[in-house]
Every structure is written in structure tokens, then in C-alpha cells.
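Right, one structure below, let's go through it.
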Amino acid sequence: MSGQQKKRASNWRIITLVCICGIFFTLLLASLAFRQFVERHEYRDKENRQTKRRILQPAPRGEIHEREGRLLVGNQSRHSAVIYLDQVRKEFRSQYLKDVRDTRALREQIQNKMTYTEVEKVLGTFIKRKEEDQSVTFTFEKFLNVTFEKGVVSRTSVKSSDLQWEARLKVIRRYLHQINQITGRKNVVSRKKFERHFNNKLLLPFALVPKLTAKEYARLLDQLPLDSPIQIFTDSTRYYPYHSAASHSLGYVVVEEVEDDGGELNGQNLKTFRLQGKKGKTGLELSFNDRLDGTPGREIWRVDPMGFQFELVDKHLPKFGQSIQTSLDIDLQVQAEKLIEGKKAAIVALDVQTGEVLVLASKPDYNLNDLSPFISTAVYKKIENQGGWLNRATQGLYPPGSTFKILTTIAGIRRQVIYDGAVYQCEGFEKIGERKYPCHNPRGHFDIKIQRALALSCNTYFYHFGVKTGIDHIAKEARRFGLHEPTGVQLPYETKRMLIPDKQWKRKRIGEGWASGHTANVAIGQGDVLVTPLQMACFTASVARRQTRTRPTIIRIPDEQRNNIKHGGDAIGLSDPQFQQILTGMEQAVQFGTAQLCKIPGIRIAAKTGTAQVKDSDRKSPTFGEKLTLAWFIGFAPVDNPSIAITICVEGTDPNDNYQGGTTAAPIARNLFWTYFAKKSQKRLTKRD
Amino acid sequence: MLLRQYKGFLIAMLANGFLSLALTELNHHLAGWSITLLIPAIFVLYAGLNLHYLQGLTVCLLTGLFHDAALPVPEGFFTLTLPTLHLIFHHFRSKLHKKGGLGTILLAQTLNLGTLILLHISLSSGLTESIVRHLPLILLQLFLSQLLLFLIGLYFLDIQRKAVTLTRARFVEAKGRST
Amino acid sequence: MPIPIKKALRKSFYEFQAPSWEALSWARDLQNFWGHRSESHAELIQEGRDLARLNGAYRLQVMENESLRLELKRLEALLDLPAQPNFRYEIARITHRQISTWWHEMIVRKGREDGILEGAGVVYSGGIVGKVQTVHAGTSVIRLVTSPSFRMVATFQGDTQPLYIQGWQSASMGTPLGRIRNVPVSVHLSKENPGLLVSSSLGGVFPSGLHLGTVDQLAQSSNGLFKEGPVVFPSDLYRLNEVAILVPIQMNN
């Protein structure tokens, strides 16, 4: 091949090589560009995930106030002494290096072929001993492991991770010692607890003393330098100035890690450290959890390879939750609870016009402050044994007894069975079928009209006219008043198991036909009728307003909306004279009838008492299966312009308890009416002044 | 002999000491208005313009150490800045009049202002809020410091020079007697 | 340079010049003395009369305090309460003040030789001055209550809830300021209804009830849990010539 040919061939090779290289470089550039421009977001995300951490802080919950603005649930600060680990990093490091030096110095003193006695002279007694096949390894102080084979040293080693943890712990213990010296405590910190925090919550402060007393808090503030790594960390716990008052209505909170509020918080893809927040568990705390819960605070930190804070990238302060104002009147509530202290009972008082719940008391209850910041097992069991968890006003199901006679009357009047002239001869019993149904007065009430029948609570009158009205009409009327369904008050776990029995129910549930005797029982609020005290309070308020429904609310209605409240029911469907008969009967009950123990001179009260019998169904109770009495009271006042409706239900706890609506519940009602009207007139006087 | 050799150094040290005390007293009285006046440049005037380089540097170093011990400034601030100022003065000493003059005043004012600004910047890291809120008071202090330097700078330099001249006469006199 | 060397250097240079400050302070006292010497007899008589009146009032107060002290002792014994911490008041003249945007300090003419301890409280007739920051042989540095690195526990007069005060750099000439933090949200203050802050004995540094300053505005803190606001300290705080250092008396003494 000539030189020229050779040169040409070589040129071709060079061109080919250049082309190949060019293609590779273009591909390389293209792929670089693709990663830089197209996949930029993906890499940015990866980088963020690796180098950024998010801390979520809880926001203080909103407060709960009563109708006059007094605080029912507030926040109380809780202080703890914490240490921010990133601030002691240098100390960790220098302590570790010092420990390494010390260990190395010790290790150098141990030479092969030394016996255990010689080693012990240098290192002291061992901490741990581990035997293997042909060797024994002793761990001495400073995590120095010395392995003996055939009785002499064969190997020495140091577990550096142990040394590192110990160095960190030394620093932490030094600071804890400082706190102990100032506060006089004797707190200790375990390696396990510290390791867990270090590995999982490095960015969060490590609590050295979780709950400081006021004195300890003051001492630390006064005596710790401002730039100390020990800081006073403040969070909030719920605080209940009225202790157990309205405990079931207010509810309590449980500790839970702060949650994202979905979308608003940036950095949701980042590794997140969450501080402990609170979540409503029952009562208003649960119903209005979203409103009471504020917006959590957020910090985004750039971290170093070890995971310590390096730079604050973004910070949003937590926002206070919204406060709510309940309709509860705390004076009345406290008084009501005092009146039923030591009993199993429920009281509900409603504003007749607005349906606002003024009182919702249930005993036994619990001191809310015992449940904050957390519920101990002992407290939980104590409340459970007392039956305190049950809100009897909204969850307790009871036969309404004679208070149901108001409904039977309304049904009878509307069916035109009961009318003003209708006179009934009460002989002390009513024979229905083959069975005699007794009146509570065995001598009978003789000639009796509806007004006296209500006033004296004549059972036979209502057996007679109840049967005449028929179960279909009584049940229909009860349903018209909403006694078959929950009231819809803004409290969680209101029972749905209330019962207005009728023929269909009997056939479907028990598989039996309906007999007149069943109607007679239902007519006096016995049998299978089951209602809650809150339902009966709504029923009372509805009757007082001559309507069929009352929509109860535990949230205070603003003044401008008070005159425009729609409860959603119909008119009661009685003419003035017909309604007057009921009103007169209820008023006479107070004047000379069964409810006369609630009489207050100068205040016209319309009321109906009831005494029902119920079988104890609590298997844990010593009186299981025995018959217990229930004392009922429903009433409203003043008669001409009703403003308050009260319902009381007191459970007998012993078969020997002779609880009666008239003697047990009526005096409680009298005290409550008195408190209510005294406060009202006091207010009027203050306003006038 | 030794005294003669180091008289400039001793006089500069004494003068700086007295001036420090006077400034302390002035600041004590101004404290009621939250004002502190600082004129670091004045302490290097004489040393920078008249003393031998090493002697001047030593004066500035010692004065810096005294200042650092007396004032709550960042560790070693004056120990570093005063020798640096001395270095600058020494560098320009051939172009400046040893007794002072406009050039000296201007340089002293510039260096003093620079040092104070540096000091304020280094101290501002301890602020928990925006420096803007404090700017009026800081500017007032800067202005008053500069004014004080302007008013007493040359006098202070002159006093030191005169003290040296006086001591020289005495030394000469003493020497004359002995011979 | 290693920290121990830096510290030693600073300390030795401090101690070296401290006598000159003391001398300056003595000279100032002497100047005052001669200044008073030149006052006329009439002026002195008037001053003496005023002083006598003041002394009379103080004597009464001392008697009242003594009876209260005895009552307190009786109640403590009755309830078996631990005794309140006792303090010895070490009066100290101020050699000089260092107050500016950046620092809030005073140097006093009492030091280690007089039993002064670091962290001890410093008071004057108008209330709290600060705490002893550093103790030297014959002098001590006091960190004023207005220093941003100062923190102490306080309460509103008549209340027991512990709050804390932190110094705050004053942006105006000669107005000593601080910030009160951890005030419960239920506290409402206004110019017409300001709150008076007093010291709390809970912290163990100061006795309770010493006047601190007034607060007339509060705003929600950043975490929403508390309120906080500016505290105005007495205006003579920056013009003091003499203070009292609280030296705790050991229980066994």
C-alpha cells in the first residue's frame, strides 16, 4: 500500500472514530440535558427528601365558654426541661474523642499472654462476661473487650458504637445533673430512651424533665444561662376550671401526634417529625374537634448527613384554634350537679324558645382535670366501676313512666277520645281483658276528669283512655314528637336505640300479637317504651311552645338569630281549650297534685312527675335482675310565657330505694327553677341599675 | 538608658491608659442616655505616626488587650483591630504629618468609622430583632464618637508629642549633669 | 488561641486596670464630698430636716416590717413551712456604667473578697437592678435587667402565676425596657389599667415583692399559648450610683 493510500485509510479511521465519539458525546449531553431539564423535579424531590426534614408542632386548641362567656375549657401551660441535641453536637464529639483516647490508653496497657489477674489489676472488675467455644470475652469499663484463650489474653477490641452512645449519654447526663442540682430532683436518663429518641426524633427536643412544677420552672428560668442547650419547652394541656361540671358535655382530649391538615402544609413528602398534639375524644371536644383544633405550625430544616439541624428553610407558626361558646349556664349546671350528687341521675334544662341546652347533667361523672394530660389506668377503671363514662342524659334509655301521660293525653284529645266532659270512674283498678291493672291509689280517684287525672297521675284513667285511643295513635303521636329518633344535639354517641313500641314492632321483634294490656302499659309510659332524658326535655319544651319538635342545641345562638328559630315540627294540633286542659292538669299537679313539692310561690309552673319501674340489666351490678324505681319529672315555667323546660330522671340503685317522681325529682326541680328565676331577676335588677 | 529607649512607648501607654479612664468616666455619665462613645483610632495615632514600628505595634496590642478586658466586645476584637489600624497608619506615615494635619484627621476618622461599623456588625448577631429599630441610636453614637475623635484627636497626639519632648529635655539635662 | 489562655489573658488585663476604675470611683466620691462641703449651712439644715423626716418614716416601716417578720416566722413554725431564703445586703458603689444598644452592664466596687457570688441578685431602692455576671477580686460586673441575655421570674403584684422577664435592647435614649413572657391569655392590661411586675421568690435568686416595672400592653405570643409585651423599668435604673447585692445566707448560719 502506498503512503497516500495509507494516509487516506487512516483519515477514514479518524473520521469514524470522531463520529463515534461525537455520537457518544451527543448522547451523553442529551442524557445530561434530559436529567437536568426534564427529570429536574424528580431529582429535586430526591434531594429534598434526603436533605430536608419537617417538624409539625401542635397549635393550641380553642377554648370552650359557657353562655355568659365564662371559661369552661381552657389551655394550661405545661413546662418541661428539654435539650436540643444539635446544640450539644460538639460536646458529643469531644467527649467521644476523649473516651477513645482513654480507652486506647487502657488498651495499650493490655498485652497478649497476660493472665486475667494481671488484666484485672489494670482494668478493674469486668462488667459483662461472654463464653464461646474455646474463649471467654470480658467487657470492662470503657467498653474494652478482652478475649482470653487458654487463660491468657488473645485479643482486645473496642465496640466503637457503644463508646459513642456512652459519650453522648455522658453529655446528656451532665446537663441532667445541672437540672437536678437546680431543682433538687434525682432524675436519670436511660440509654434505651435516649437511643430511641436519637434514632427516631433527632430533630425534636429531648425531654430531660417532662413536667416541671411552678417552683422548678421558676428556678430553672432564673438560674440557667439564656444560651444553655437546656431550654424550657412549653406546651399546653387542657384545663377545666369547673372540674367535673358538664364533664360529659364538654368531653376530653387524648394525646395524639399532630396531623397534616391536608394540602395546606408544604413538604408533605418530606420525612416528618411530629410533636404530640391533642384530639377530641368525647363531648364537644370531639364534635367540634375541627373547629377547636388550630392549624399546626411547621418548620422545614435542611439537615446534615448525620441528621442534625443545619439550616432553617421554612417556618410557619401554629395558629390558635377557634373558641366555641356553649349554651350551658354554668351556675345552673353546677347547681343541678350538686342536687344529684351521689345519685345515678340525669338533668336536662332547655331554653323553651330556642332549644338551647342550659343544663345537661349526668351523674356519676368524672373530674376532667384527672384526665389531663392523659388518663391513667387507675382513673379509667375507677370511672368505669362507678359507671361514670355513660352520659345518662343522651345515652341512658329509660321508660318515661307517668310523664308519658302528657303524650297519651295529646293523642287521646286529637283522637277525640278525651274531651273536657269525659268523666272516668277510677275504682283503683281497670280491668282490661281478664287482667286487672291497678292505679297507684288503691282506693281509687272516683269521678275524675282529664285535669285531675293529670294532676293526680291517675293510672286507670290513662289505661282506659289509652286503650280507647289505641296503640297506633299513641305511637304515631310519639313519633310526631320525635320520641322515636335521636334529638340531633351536637354531642357524639347519642343513643339511637330509643323505642316507641307498636304492633309491627312487637310482631317483628318478639313474634307476638299486640294485646290491649300492652297499650295500657304504654299509655302510662311503661312496657317497652324507652326514651332518653334529653328527648323528654325536648318533648316538654315542644309542649310548652305548643309545637311538636324542639331541635336542641348546645351551642349558644347569637342574639340576632334568637327570634328566628325553626325547630322543624308542626303545631301541636290542639285547640286553645284542649291545650288548656293539659296545661291546667300540669299546673294543678304542682298546686295540689303529685308535683306539689316543686311549688314556688309567685311562679306558675306546669309539671308532670313519673315513677317507673325497671329491671336492672347491668350484669356487673349486685342488683342485676331486680326491680328498681325511676323518678321522673318534666316541667316548664312560667306557664304563660315558658322560658325553661326541665327534665329530671333519678335511677334507684337498690330495690329498697323508694324513689318517686313527686318526692325525689320534684324537690330537685324546685331548687333548679328557684336558681334559674332568682338569677334572672338578679340580672334584671342589675340591668335596671 | 533603657528608659530613654522606651520613653515613647511608655508615654503612649500612659496616655492611652489615661484616655481610656477619661472615656470610661464620660461613658459612665452618658449611660443614662444609653450612649457609649468609642474612639479606637485615637489610641493608635501617636503609636502609628511617631513610634518605632515594633514599639507602636506593642502599644496597640496592649491597648487592645486592655480594651477587650474592659468592654463586653467579641473576644479579641480590639486586640486584632488596633494593631491592624496601627499597620495602616504606619503604612501611610511617610505621607502624613507627624504632628497631625488634615490627612491624619481624615484617615483617623475613616479608620475609626470602619472599626466601629465592624464592631456593630459583629455585635448585631446577638440581636433578637431587626437592626432597623436600633439604627437611629447607633447612628447617633457613631456620629458622637466621630465628633469626639475630631475634637480631641489632634490634641491627644500633640500632648503625647509634647510629653516626649519634655522628657527628652530632662534626659538631656540629666545627662549634662552627669558628665 | 486556646480558650483558657484567652480567658486568663482577659482576666489578668481586667484585674490590672480594675484598680484604676476603683480610683476613678473614689475620686468621684471625693468630688461629691467636696461638692457637698461647699453647700451653705442653710442648705445643710434643710437637707438634715428632710432626712430626719425620711428617717422617721423609715423607722416606722422598720417596726412594721419587724412585726410582720415575726408574724411570718410564727406562721411558718405553725404550718411547719421551710423558712424563706434569707439574704445579706452588701451595699456596693458603682465604679462605672456601660450602657448602649449592645451592652447593659455596671461595674461595682465589691468582689470576691467581699463574698459576692456569681448569679447573685442586685437591687436598689427602686427595685431590681440585675444579677452579678462576673466576680473579680475587688470588683463585680452586673448584668442589668435590660440586657437581652438577662432572664428572671416575675409575677404580677397580688398574683402567684410565674411569668418571666427578659431584657430588651432599648431603641430610645435612656428608656430601660424588657419583655414579659408567658402571661396567661386571660390577663388584660391597658394604659388605664397597667400591671405592676414584682419579683418572685420561686426562682431562689430574689426575695418576692421587689418592684420590677410596669406593663400596659400585651399581645398574643407566637405560639398562641400566652401573651407577651414590653415592660418599662424605672427610668433611674441607668443613673444609679449605689446598689445592694443579695448574698444568700446559708441556712446553718
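Lettered A, B and C in written order, each chain numbered from 1.
Throughout what follows, contacts are C-beta pairs under 8 Å (C-beta built on N, C-alpha and C of every residue); 3 or more make two chains touch, one makes a residue touch a chain.
These figures come from a predicted structure and were not determined experimentally.
Graph of touching chains, which shape: line, ring, star, complete, other?
line
Which chain is most remote from chain A in terms of Cα centres?
So the chain farthest away from chain A turns out to be B.
Rounded to the nearest whole Å, what is the centre-to-centre distance of chain B and chain C, using the mean of the C-alpha atoms as each centre?
34
Using mean CA coordinates as chain centres, what's the gap between chain A and chain C in Å?
48
Taking each chain's centre as the mean of its CA atoms, how far is chain A from chain B in angstrom?
70
Multi-chain contacts only, two chains or more: what residues does chain C have there?
148-149
Which residues, counting only chain B, touch chain C once they are in their complex?
That would be residues 17, 20-21, 24-25, 27-28, 31-36, 65-66, 68-72, 75-76, 120, 123, 126-128, 133-134, 136-138, 140-141 of chain B.
Show me the residue ranges of chain A that touch chain C in the complex, using the header's touch definition.
57, 59-60, 71, 74-75, 77, 214-215, 217-219, 221-223, 225-227, 234-236, 294, 297, 317-320
Using the touch definition from the top, list the residues of chain C that touch chain B in their complex.
Touching chain B: residues 1, 6, 9-14, 16-17, 20-21, 24, 28, 96-103, 105, 148-149, 169-175, 238-239 of chain C.
Give every residue of chain C touching chain A within the complex, in rising order.
So the residues of chain C touching chain A come out as 119, 148-153, 162, 164, 166, 182, 184-186, 200, 202-206, 220, 222-226.
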